[in-house]
Amino acid sequence: MKVVGILGSPRKYGSSFKGLMLALKAAEKFGAQTEFYHLYQMDIKPCLGCVSEDVKVCRYPCIIEDDMRKLYDALIEADGFVIATPVYWYSPSGVVKNFIDRLTALENMIHIDGKSWLDGKVAGFIATGNDSGAMMAISQLMVIMNSMGVVIPPWSMAYTNELVDPLEKESFVTDALNVGRNVVLMAKAMKGEAVNRWYDPELYEWYEKELKDWIVELAREEEAKAEKPWKRFTS
Amino acid sequence: MKVVGILGSPRKYGSSFKGLMLALKAAEKFGAQTEFYHLYQMDIKPCLGCVSEDVKVCRYPCIIEDDMRKLYDALIEADGFVIATPVYWYSPSGVVKNFIDRLTALENMIHIDGKSWLDGKVAGFIATGNDSGAMMAISQLMVIMNSMGVVIPPWSMAYTNELVDPLEKESFVTDALNVGRNVVLMAKAMKGEAVNRWYDPELYEWYEKELKDWIVELAREEEAKAEKPWKRFTS
Amino acid sequence: MKVVGILGSPRKYGSSFKGLMLALKAAEKFGAQTEFYHLYQMDIKPCLGCVSEDVKVCRYPCIIEDDMRKLYDALIEADGFVIATPVYWYSPSGVVKNFIDRLTALENMIHIDGKSWLDGKVAGFIATGNDSGAMMAISQLMVIMNSMGVVIPPWSMAYTNELVDPLEKESFVTDALNVGRNVVLMAKAMKGEAVNRWYDPELYEWYEKELKDWIVELAREEEAKAEKPWKRFTS
Amino acid sequence: MKVVGILGSPRKYGSSFKGLMLALKAAEKFGAQTEFYHLYQMDIKPCLGCVSEDVKVCRYPCIIEDDMRKLYDALIEADGFVIATPVYWYSPSGVVKNFIDRLTALENMIHIDGKSWLDGKVAGFIATGNDSGAMMAISQLMVIMNSMGVVIPPWSMAYTNELVDPLEKESFVTDALNVGRNVVLMAKAMKGEAVNRWYDPELYEWYEKELKDWIVELAREEEAKAEKPWKRFTS
């Protein structure tokens, strides 16, 4: 069982990152191995839209040779994945959108060998921002992924829409943990392990006991290491 | 295994109806019993939004005594359901929206007994219109249902966006059949029956052999029976 | 100059109502006469989608004889309007959606006499809820209205997405006042009165001085008069 | 009067390009000077989201020194603009999304000098694809722009959702011309020139007489010059 976490925020210590780390920890707790990718530290060029020229030319691997190839291979091997994005103008960041546009090379395999290469994989979504728009961003991600052949387990989303440290919000933390849990449980369900309940509020206790100190410290360390190009301009 | 079909179009012979009938037939082929409800022939009043007054007061059964109670009971017993809507202004019809608003009484049971009463059910969507907007309508239905605890199987959608008889479009017919198939296969998967492939293009052959004459005739009969209040105004 | 306010909430004392009243007061301040309609107290039946049978049959007045006729006439005379809706499942309430579906009879006049009867009118939007989804609801209303021929002035929206009395939120109050202001200023602009700035933060001071007591008292009075069918079920 | 055209497609000869050129020609006919920018041929890096660190640091010019500066300056001088995007997965291309995310530096001037630097500018939208999703893409662009202070004139959109040369579709051509026309007429309206009708179907005749040969030839020339990296892979 493998779950891939994809971060679409410039900051490897902000709200999306924290939510994603919680989801991946929950995925591990329920039996998955996890991998983490930070899109802003990768070279992922924009889609060239070849499919509009010739439906057969868009295929794995995409003709563009860049870091997307690592993501293709990670996703091909994965049972599920979690996309975490900041909410930029009520939608995923441009970096996330470029990643999605490039996924066409996996989905379009349906025209090459009869099956989307994302067929039957399971997805969860995390979207964080300090204003409205999270649900608009998630609805977009969800319908796109479903159109690529992906399963959406119940409550496959965690989000913020206020200016607040999301680790202080019990609902966000519990939702994020359930995103990771449900991606794994759904992947298992498709292999024959029944699920009784699709939302486990008690994961929050686990967070308070075993994860909170860890995630706070992790975010602090990552922030300390981060370049902050805007620093010199701070008011 | 039970699948409920819900029609949100005024016409029990139009594109949404045809798509929904195909989905239900496919659901039956894969082992489900099906039921059909036509919202325009039911009395479903608008939601009163009680939940915004007191989160505990919104619960099954809703305080409004109308035909929604039949739908609550049908959905409680169902493993899955398919919502078929015309695309009115890029979104589901007002009648479908009233139905959705009223579903809060099932979802909100999470605050009463710890679990949404739609938890783990499986949904598919059909949206038909002769202009753009189908995907916008479907994205809305999908994210709402997922937030209520519903599973979305791969390619859980069929739609039209052109002025055409949808029965003449192979892609629509095949998509609609796969909606019904996937709702059932996903419900079975959660009980331990693995699925190899989430889109079966060969269902179209079955349609041509066994369903086409039937659905054409059914729509014709229903149209003949239908009241057409606009008839006297026709240009 | 006439501006019509349309309330799509069951409650004539809640957040949407408060926002709408502020917008209408601002519209009056800038020179408009205003009218108020409460959809939940009107009989507005669902659209029958005649246009999909025959594009020429959908026209003013709609074949359905109900209270929508009052709204058609109010809108035909208006220079602008403000739609206020609660956010039910990330979108306008079903009652608002039925109202919108029925507006087709004005828009579709483009096929009868060459011009949408909403052409060049100006719209603003208010959407209130205690969770995410406001922007998704507003984006839907905005693109629909624009497709009907309506002008959208800058920042034509006010919303909440937290459980809070919106009158306590300076940003919401100021936004709602600017919605009313901008609907009027845009209608005037189209008649030749230039506008220098499309957002006036100082309207908040006017609110504090002249409107706050009034709106608080108005909502209180309306709440006292309101039927509350859920009361006997309160936890 | 100045109108800026922004192309978010990789192809400077495809449907988005054709629609945008028509819109700009119509803008010229009604008195504007126009400029054209092709995002895929510019270096526009992703937004760093500085605003979430410190609301005051995000301002013109963005700390990232790249070709976005040309676009900032073009937009600051413009009265209006038209964004043309291919529909990639029901939304604007990633390249367009990066452009939008970076516009925050103009919008956020409201926190620096009290006014968004897009305040009162007028926008139109073109979205082309061969499947559903155009309206979802446009609704996203429209609500974002309006939130930045932009005016949306009536019918400010042209789109395709079928696999067809858009120059053969009278409705698309007429819509695209009206997008350009209405951006200019709205900018003029705000300076005091009244508008009688917001959709002019007769622009299509002008197209047939004066524009059709020109745009067909222009697209052909541009296609001949274009690099086509996918060519060697064509089936």
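Letters A, B, C and D mark the chains in the order given here, with residues in each chain numbered from 1 onward.
Everything that follows uses one rule, which is that a contact is a pair of C-beta atoms (placed from the backbone, for glycine too) under 8 Å apart; a residue touches a chain by one contact, two chains touch by 3 or more.
From a predicted model like this one, the values you see are computed outputs, not experimental measurements.
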Chains contacting each of chain A and chain B, listed by label: C, D
In terms of C-beta pairs in contact, which of A-C and A-D ranks higher? A-D
Need the most distant chain from chain B, centre defined as the mean of C-alpha atoms. D
Taking all residue numbers at the chain B to chain D contact, is the shared part over half or under half, that is, same or different? same
Degrees of rotation, nearest 5, to put the Cα trace of chain B on chain C? 180
Per the C-alpha centroid definition, the whole-Å distance linking chain A and chain D comes out as 30
When the C-alpha atoms of chain A and chain C are each averaged to a single point, how far apart are the two points in Å? 36
Mark out which residues of chain D touch at least two other chains, giving numbers and ranges. 90, 135-136, 139-140, 143, 147
What does chain B use to touch chain C in their complex? 9-11, 14, 40, 46-50, 52-54, 56-57, 63, 86, 88-101, 104, 130, 136, 140, 143-144, 147, 228-230, 233-235
Residues of chain B touching chain D in the complex: 90, 131-136, 139, 159, 161-162
Chain B touches which residues of chain A in the complex? 110, 114-116, 119-120, 135, 138-140, 142-143, 146-147, 149-157, 186, 189-195, 197-199, 201
